[in-house]
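Provided herewith is a single structure, encoded as structure tokens, for subsequent inquiry.
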Amino acid sequence: MWFTSDNAAPVPPAVLAALARANEGFTPGYGADALTLQVQDRLRHLFEAPEAVVHLVTTGTAANALALGTLCPPWGAVFCQTEAHVAVDECGAPEFFTHGAKLVLVDGPQGRMSPEALRATIAASGQSLHNVQRGAVSITNVTEAGTVHSAAETALLCAVARDFGLPVHLDGARFCNAVAATGATPAALTWRAGVDVLSFGGTKNGLMGVEAVIFFDPAKAREFELRRKRGGHLLSKGRYLAAQMLAMLEDHRWLDWAAHANGMAARLAHGLAAKGIALRHPVEANILFPIWPEGQSARLRAAGAAFYDMPAPAGHEGARLVTSWATTESEVAAFLKLF
Amino acid sequence: MWFTSDNAAPVPPAVLAALARANEGFTPGYGADALTLQVQDRLRHLFEAPEAVVHLVTTGTAANALALGTLCPPWGAVFCQTEAHVAVDECGAPEFFTHGAKLVLVDGPQGRMSPEALRATIAASGQSLHNVQRGAVSITNVTEAGTVHSAAETALLCAVARDFGLPVHLDGARFCNAVAATGATPAALTWRAGVDVLSFGGTKNGLMGVEAVIFFDPAKAREFELRRKRGGHLLSKGRYLAAQMLAMLEDHRWLDWAAHANGMAARLAHGLAAKGIALRHPVEANILFPIWPEGQSARLRAAGAAFYDMPAPAGHEGARLVTSWATTESEVAAFLKLF
Amino acid sequence: MWFTSDNAAPVPPAVLAALARANEGFTPGYGADALTLQVQDRLRHLFEAPEAVVHLVTTGTAANALALGTLCPPWGAVFCQTEAHVAVDECGAPEFFTHGAKLVLVDGPQGRMSPEALRATIAASGQSLHNVQRGAVSITNVTEAGTVHSAAETALLCAVARDFGLPVHLDGARFCNAVAATGATPAALTWRAGVDVLSFGGTKNGLMGVEAVIFFDPAKAREFELRRKRGGHLLSKGRYLAAQMLAMLEDHRWLDWAAHANGMAARLAHGLAAKGIALRHPVEANILFPIWPEGQSARLRAAGAAFYDMPAPAGHEGARLVTSWATTESEVAAFLKLF
Amino acid sequence: MWFTSDNAAPVPPAVLAALARANEGFTPGYGADALTLQVQDRLRHLFEAPEAVVHLVTTGTAANALALGTLCPPWGAVFCQTEAHVAVDECGAPEFFTHGAKLVLVDGPQGRMSPEALRATIAASGQSLHNVQRGAVSITNVTEAGTVHSAAETALLCAVARDFGLPVHLDGARFCNAVAATGATPAALTWRAGVDVLSFGGTKNGLMGVEAVIFFDPAKAREFELRRKRGGHLLSKGRYLAAQMLAMLEDHRWLDWAAHANGMAARLAHGLAAKGIALRHPVEANILFPIWPEGQSARLRAAGAAFYDMPAPAGHEGARLVTSWATTESEVAAFLKLF
């Protein structure tokens, strides 16, 4: 009953098997190996984006911050949701990699960014020499609240960005879960909607630490490569990142794992609702925010459940539960029995 | 006959086995897992440094640049050897992570830093408000020329740094090879000689991409952790880094693999000398810089050998050969037969 | 009738006279001249702070950003009021000079920072490795809304900062006006209340471009000097900055000029109130924010008045009026006659 | 007999008079005043560059570092002479404003940059992802050794830069002295030779602290303005910078003052040679590097002379003498009498 995060789970056996297969013979270093070339092609194919430039890194923070550094100048503003990972959970990595850009927070319901709020916030931002200049928009899908932006919603946000001439970054640490949740194609949720650069997460979906940064517009790809090397994020033995990502992309695993995680979350949500437990946000992907009576958290932990605490109204306790490819039906059932 | 770099080799089976063993159940993230705690202890033990603080990252560039960022202020100078990896091969990562420090080059024979040159260079550096201030010294062992600093030589360099009140970083991307070459203990080559922070390389010695940064003085360890997170170098699934490093530390593998690589290089050097091929530098670890007659490189490559070209006098061709844990005696013999 | 800003005014004759007097003979450069030493002493005396370290720069943005760079690490948060100059009007200079710190906005009524909001905001800020760390508090007095923090209010804010172990910067671009408004001593409004570093403004009070940065705790003064040089803010001919600041400090001019400006603003406020014009904020120093009926702005400008537009409710127009040492009673009277 | 630096002198009366004239009435701030517009036109005219963009700052370090920040990316190399002010005397300001570029040193005789050495250094710099990329060339004229680059020499250096596609910055802290020394036009020494951006010095030629940055290619001018504001280098009361620079540009004063300084240096050089004193470098502008017998420095200082010490061979003492607009014939004669 381990629900702290999708990064607490082990990796699927297919990932280990792929590493073993990749471990044959000598290869060129620094991303010039055959598996890296193969995974780049595979992702271009998955995203129906033959011109896209794809690079692998090991953390979501690196993917996001390197992408934002490439899109936004030091004197720029990155418009992002108030609770966005880039704003709250990366110890200022975007500020570091942009050399000092400002993250300007945009509100929205249920962890989503609202197009109206985005438009109003950008419009209200100054444009004189005295102000930080408008730089980029960063959307998150799945959001930190566990909600999902549909392709249409994403397109609305991108349209606002386009009205102001701003490029769009999508933090897709849980992008596979968003695809599973919406049923939209990867292309529909990204470049067809207007996204310029995607952080495509593999780690939270089952890899050891592999994310892809996908530039749908290749114009800035060389700069990205220099930033990646300079950031210490160019691994010499690229094959071990590529092999994992390829394993995830084969046989629809990327979608199956995410769909399984989403399904387990739905099952938890259904079960909790049946017990009268309120949820702070709609459960659309693999994250839940239940609010239960005081004392419940200790009882659950005593029974072996692991999760993070969250704020809650008086007399209650809040929690965050995250499911993963490794969450089982029996775990869910056992957890629900504790109520 | 793949001699381009030690990072071109596959990883030893023990590494894959360790990953498989680590892949059981759920763990806390971000370095709070049991394997990470274990590898930290194991390295403290190996270095006879019970107070040392140990953190893992995935690249040598990250290890070096994060360490230098922690030791040297933005307005500081890092004194390093002219050919040092931090100066030449990291696309300015030290400048990025220090927020703009200056790398001041120190000469020395055979890729080594000379204590006299170090002292003269530091002494000649200005100390007024108009000058970059003295910040840190960065030594490399094994050097980029494939030579080795003995414990006594390291101590001489550190003594110079101490005379000026400067902390010392040691880039040990091939530290295991240096231990194997010198027969000194890890402690003797580092903190006993006066080193403050070590980049302890695992990748070139057989891991997929794992380096440890070891702070012998724990004073700046918290700052390092913040810099690591902010640099996107804190992996959520720490167990997969720790498991690899543990596999290397068990059963003297760290030393066996390095000693094997050094031995293969010695065998190559011996064989080349017997063929009358000159070597640019003494072969003390696992890197060779042969200079052979024009036309030889093409012949070798046609026969399947892989290596990097290096500058050479007219009528000759230079090359760099690097051996690894995976280099075999038969490969070496086959290569030598091509002369 | 020029009310755009206090930086639109000429400088008082005493400033020109001081420049002429300073223009005798040769002097050492870079702040080692006699006038610079003299102004440092004079400011230490004015602030009853014999240990304080004083340095001159030419802009308020430089003073603020250099001070914040010295107080707050790159991974730190600067807590400041939502409308603070450092947050809104400096094109990200604090982010640049801190190497990427985050400005976290704190609300408060009438442009002031509220101690309760400051405490709540700091308390709510995360402290894990994933979050930007608490770095410094920056207060503004006179505020951007033209209101003033009393010594007691300043002390309350500093007490909150101290509870969290944070240093306090005070942006005093209009500090002289705050002294004139409150009747408190310079010491009472700064270090006695708990302020660590003050940006002491001369430019808006009548100088050509001179600000002093005053470190009441001299511990970080050397670092400040290096940051100033590295920022291009160490002028070689220090005497011309020092002479101006000395001219302002002599004969109570610093207070007289500010009191005059405040008085003219009060007169404007009184006159506007008599005409039934609402003011967005209480007029406590030398800035007013009147809201008048639509069409009034054009009429005023046609008659020769200069001021900035501000947002206003429908059917109205907002403006910002700033008075200075050079504003005259007759100007004020002429302006009021236009209503 | 004050020869420490040209920045130790007072300013000419015309500068004070111009400040007094500028001190009339109210003006728009931040460089939108009439005098700033006028000085921009005047410099465009002087340089025969009607498209050039001109901005004023207060220090040479700011001019250079802001210009280099605009020309060279964070991962770039700035190729400059070994003794260049940007490399040696600015406490890392170029590294700060470029966000971490590397200054790569190019040798050359007598403080000059040699085109051959420049070409060789650029050609030798790596171009892989692992290396800092070629960014910009920075020339100095007058050099730190007091020598001068002719228009033809400047063109040769710029041609090398152009061969590699690199923009050229010219540090002209003593540019007026270079014009006076060469007899070339300002245009011939800059854009006609291939210079893209000039730091045009006023301070060392008699102003209180005013330098112009001139972009002959206006493409990056807006970015420069944002960098200037963000660096705290946009003064609100632009008229006082502009008035000084205009005073210098009127009536050929810029050239007269520089020619006078050069003439006084020539007179010193002639006199010293007559006394058998060797000079380290040819005296081409307003700086001399005499080498005299041990003991002479103390004797000169006892007699009231002021200058900086420089390294010298055993048994000798080295010095640096700098003349200015304010150096008089009688001072020179009195100094020479001390030998």
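Going by the order they are written in, the chains are A, B, C and D; count residues from 1 in each one.
The rule we apply is simple: a contact is a pair of C-beta atoms (placed from the backbone, for glycine too) under 8 Å apart; a residue touches a chain by one contact, two chains touch by 3 or more.
If you're wondering where the values come from, they're calculated on a predicted model, not measured in any experiment.
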Between C-D and B-C, the pair with more C-beta contacts: C-D
Chain whose average C-alpha position is farthest from chain B's own: C
Intercentroid distance (Cα basis), chain C paired with chain B, Å: 51
Chain centre separation in whole Å, for chain D relative to chain B (CA means): 42
Cα-centroid distance, chain C relative to chain D, in whole angstrom: 34
Per-residue overlap in chain C, given as positions that touch at least 2 other chains: 74-75, 90-92, 96, 99, 129-130, 133, 226, 229-230, 234
Contact footprint of chain D on chain A as seen in their complex: 30, 73-75, 99, 129-130, 133, 223, 225-227, 229-230, 234
Contact set on chain D toward chain B in their complex: 74-75, 88-92, 95-96, 98-103, 126, 129-133
Interfacial residue positions of chain A with respect to chain B in the complex: 2, 4-5, 7-11, 16, 19-20, 23-29, 57-59, 61-63, 65-66, 90-93, 96-97, 203, 208-209, 226, 229-237, 240-241, 306, 326
